[in-house]
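To keep things simple, chains are lettered A, B, C and D as they appear, and every chain counts its residues starting from 1.
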């Protein structure tokens, strides 16, 4: 059977990424409390394509993915090696987007319930392996301006903090989530009994945060941590007094 | 050229709706302040298909839509008549989903800005013409429980009120939006200067609403109005203390 | 601490559904091949609220959900009973939307790979328990008209078949998926080696299907099956020659 | 009234972008055939925030946007200047995402109908003004491998070509769309009469394109054009034989 993809291409245009997108696939990731957690990823996988070859063999990405064991840094690097080999390419790319559940106890009644945090791993390898880990953490923000200028109350809302890092040393997803939660007006919980609701309401009121404040607190905590060498932070709040959102964005390196 | 769609079908299964979906199309709708407003609709159009005919001629829906003038009740009925005729069908269906802008003045500084409200028209005609008008209004809700049990503050959030009605007498989109806004803890604005922000913060605090309260206030106002014969109300609030939403739903007739 | 939700309400408006929406939660469902499958659901849970009570205790839905074991018909009914009891309501509602993976072998090389199918369970209970099971199956459709009128080729595309049923007797998710796949021009696979790709291309060309054809084939197969008492079928194809979709919709009972 | 945003900030962290997101706003853009076109944008607007200031005055973005006239390169630069001035910032950012309609005649019957193309303008200004224009063009792709290895037929599907450019000289949105359409197996149309459908079916069959082919054809045409200095091309096809997509991505400069 003819291999059309392997035909010579005369156009001489190398393509940086060719591959598959929005492949849904069950995966197992590392979990600080329970060792592993089963979840479902949306996957993008790609390889570089040289300028003189017509096409990529898309099914080989899935064969490479099919051999995956527990998805952690080493396993991701091995996957990229497999893609490079199977696709005969010098550079491979992978991205996993997946929901991750963290069991949290509420502040007063200590009721336990899982909170969903969307996470992602994004990695590339040519000679060097480069991995970024991202978490998108739902939190609560209360507006400092609204509190200050009003006689009572203050507008507040759900917000999402995206923290994306390159690490010097391994960190758990849970640790990145804790940085986001500790920087917000208050963390979120799936279940809140009335004494908990009183606590989170008052805690947020005592702890107002602009998106700018929240972002800066995250950056300070990451600098203190010592295990992060590069970061991107994106905070988006679903403003409760507008029909649009507020956001803040920063990207930087931690050199010391 | 063979007309495959018009072939006889032996399976004898009438299909209630066959048509096109997610067609994007520029339309003009009626506007209380400015007579008309240009917007962009996502359209679903369908017709009933008899059990002995194989298929529908999909391009004819678009020809029927292409003749549309300003989209109001009469124009929608004419469109359904055209679909019935062109498709040789006894029943036709149409749905327009579109963003609609309302210019609003803020409560203190009277600053003018447009607020986007998603709207829809959904209609059917066999012998009888049936039209439903829907608005999805962004508002602010402040939790009565959180306010009551906390020493200061109260969690609040953006919420969306969907009001869908069958009318006895014509009502403007703006009037349905006003019912939703008057029932909430506070309306939303695209722009708020500081004195406005103080006003909306305090107004919401003085005016707490569960999703249940908001829904009931909408129903009371609709009953008073006198022009509505059937309604569906769906309130969804983006709970600021949880990573899930709260909602309330009701459907009913107004007979008197 | 005051219980604001339990206050008397003077407005006298009963609300059909009050509850929580878009709660993400890990669940275990029944799997024909492997007994059980771990997945992640998006959950809506609600209860009826009497006209003289102000609000619902939202956290109790989550307590009820937290006791869930393997999600099947009996377990869903028990969950609704718990909700009715905990919420002191006469009617409870639940909906689970979740991805489900089915391992499939390709037609020629027999390569095994998982295919994601979105599924849902929707149930209500007052005195009577009512359960609907839905599957949204990705398939391939090839246009009979395009094939007939063209000298070579025929436009084809991915389509989604939603089958929703009330059952007289238990059916596996896999069986509903098989009905959808057998009714299409060709099933889909996550991985296809070249001999498989040849097979699916030719199979689809020999087996053209309008959305109307596909829908009718599904209905015929459901009628033959004998275990279904009510159905809703919705077919939507991502037309490859248009920037909008085609669809067909039917709802009916099987009385014999 | 206290200006909390203008307070001194001790954390010393400059933020690259602070602003508003998902603001829906009616805009007017330039149209090659009709001079202007009214559409609805989703807007992101941001400014850089110095390390010693606590927050941004979000309402000023909207005041700056409110003065917009017909949105073209010069008007966008003026908007960024206004944002810099009103926000007292050294760098401003804006992004408009909007649907744009192009009237197209079908190849055989010359039937006229509008096709929706999603477009965006993304711009920044510190000292230098930098503008990128993007179009997301729906097209048809037919698989060369499937055609070659099969006795009849070939799988095909809808695909989306994103072309994003920095220009040396002005180009119309319509011209970027034409580059995408000329590179695909066949363009799309909202309406197709049967002789047109025959034409597009056969045209696609004679003109097979991998995502890699389509991307390379776009790059060749952009290089020939002479008005583009930088580009990003992203092609994504909704594979009709899989439940995932295929994609190709390239970014590059045109120096000559």
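The working rule: contacts are C-beta pairs under 8 Å (C-beta built on N, C-alpha and C of every residue); 3 or more make two chains touch, one makes a residue touch a chain.
Given the structure is predicted, the values throughout are model-derived calculations rather than measurements.
*Asks:* Hey, which pair has more contacts between C-betas, A-B or B-D?
*Replies:* Between A-B and B-D, the larger count of C-beta pairs in contact belongs to A-B.
*Asks:* For chain A and chain B, what's the span in angstrom between their mean Cα positions?
*Replies:* Their C-alpha centroids are separated by 35 Å.
*Asks:* What whole-Å value do you get for the distance between chain A and chain D if each is reduced to the mean of its CA atoms?
*Replies:* Whole-Å distance between the two chain centres: 25.
*Asks:* Can you compute the centre-to-centre distance for chain B and chain D, using the mean CA position of each chain? Integer Å is fine.
*Replies:* Result: the chain centres lie 29 Å from each other.
*Asks:* Which chain D residues sit where two or more other chains touch them?
*Replies:* Residues 1, 23-24, 116, 145, 149, 190, 192, 194, 198, 243-244 of chain D touch two or more partner chains.
*Asks:* Can the chain contact pattern be summarised as a line, a ring, a star, a complete graph, or none of these (other)?
*Replies:* Chain contacts: complete, every pair touches.
*Asks:* Which residues of chain C touch chain B in the complex?
*Replies:* Spelled out, the residues of chain C in touch with chain B are 1-2, 4-5, 9, 11, 13, 15-24, 44, 46, 49, 54-56, 58, 144-145, 148-149, 210-213, 215-216, 219-220, 236, 243-251.
*Asks:* Applying the document's contact rule, which stretches of chain C touch chain A when the two form their complex?
*Replies:* Chain C residues touching chain A: 1, 3, 23-26, 38-40, 59, 62-63, 66, 99, 101, 113-114, 116, 190-195, 198.
*Asks:* Which bits of chain A are touching chain B when the two form their complex?
*Replies:* 115-116, 138, 140, 142, 145-146, 149-158, 186, 188-190, 192, 194, 197-198, 200-202, 204-205, 238-244
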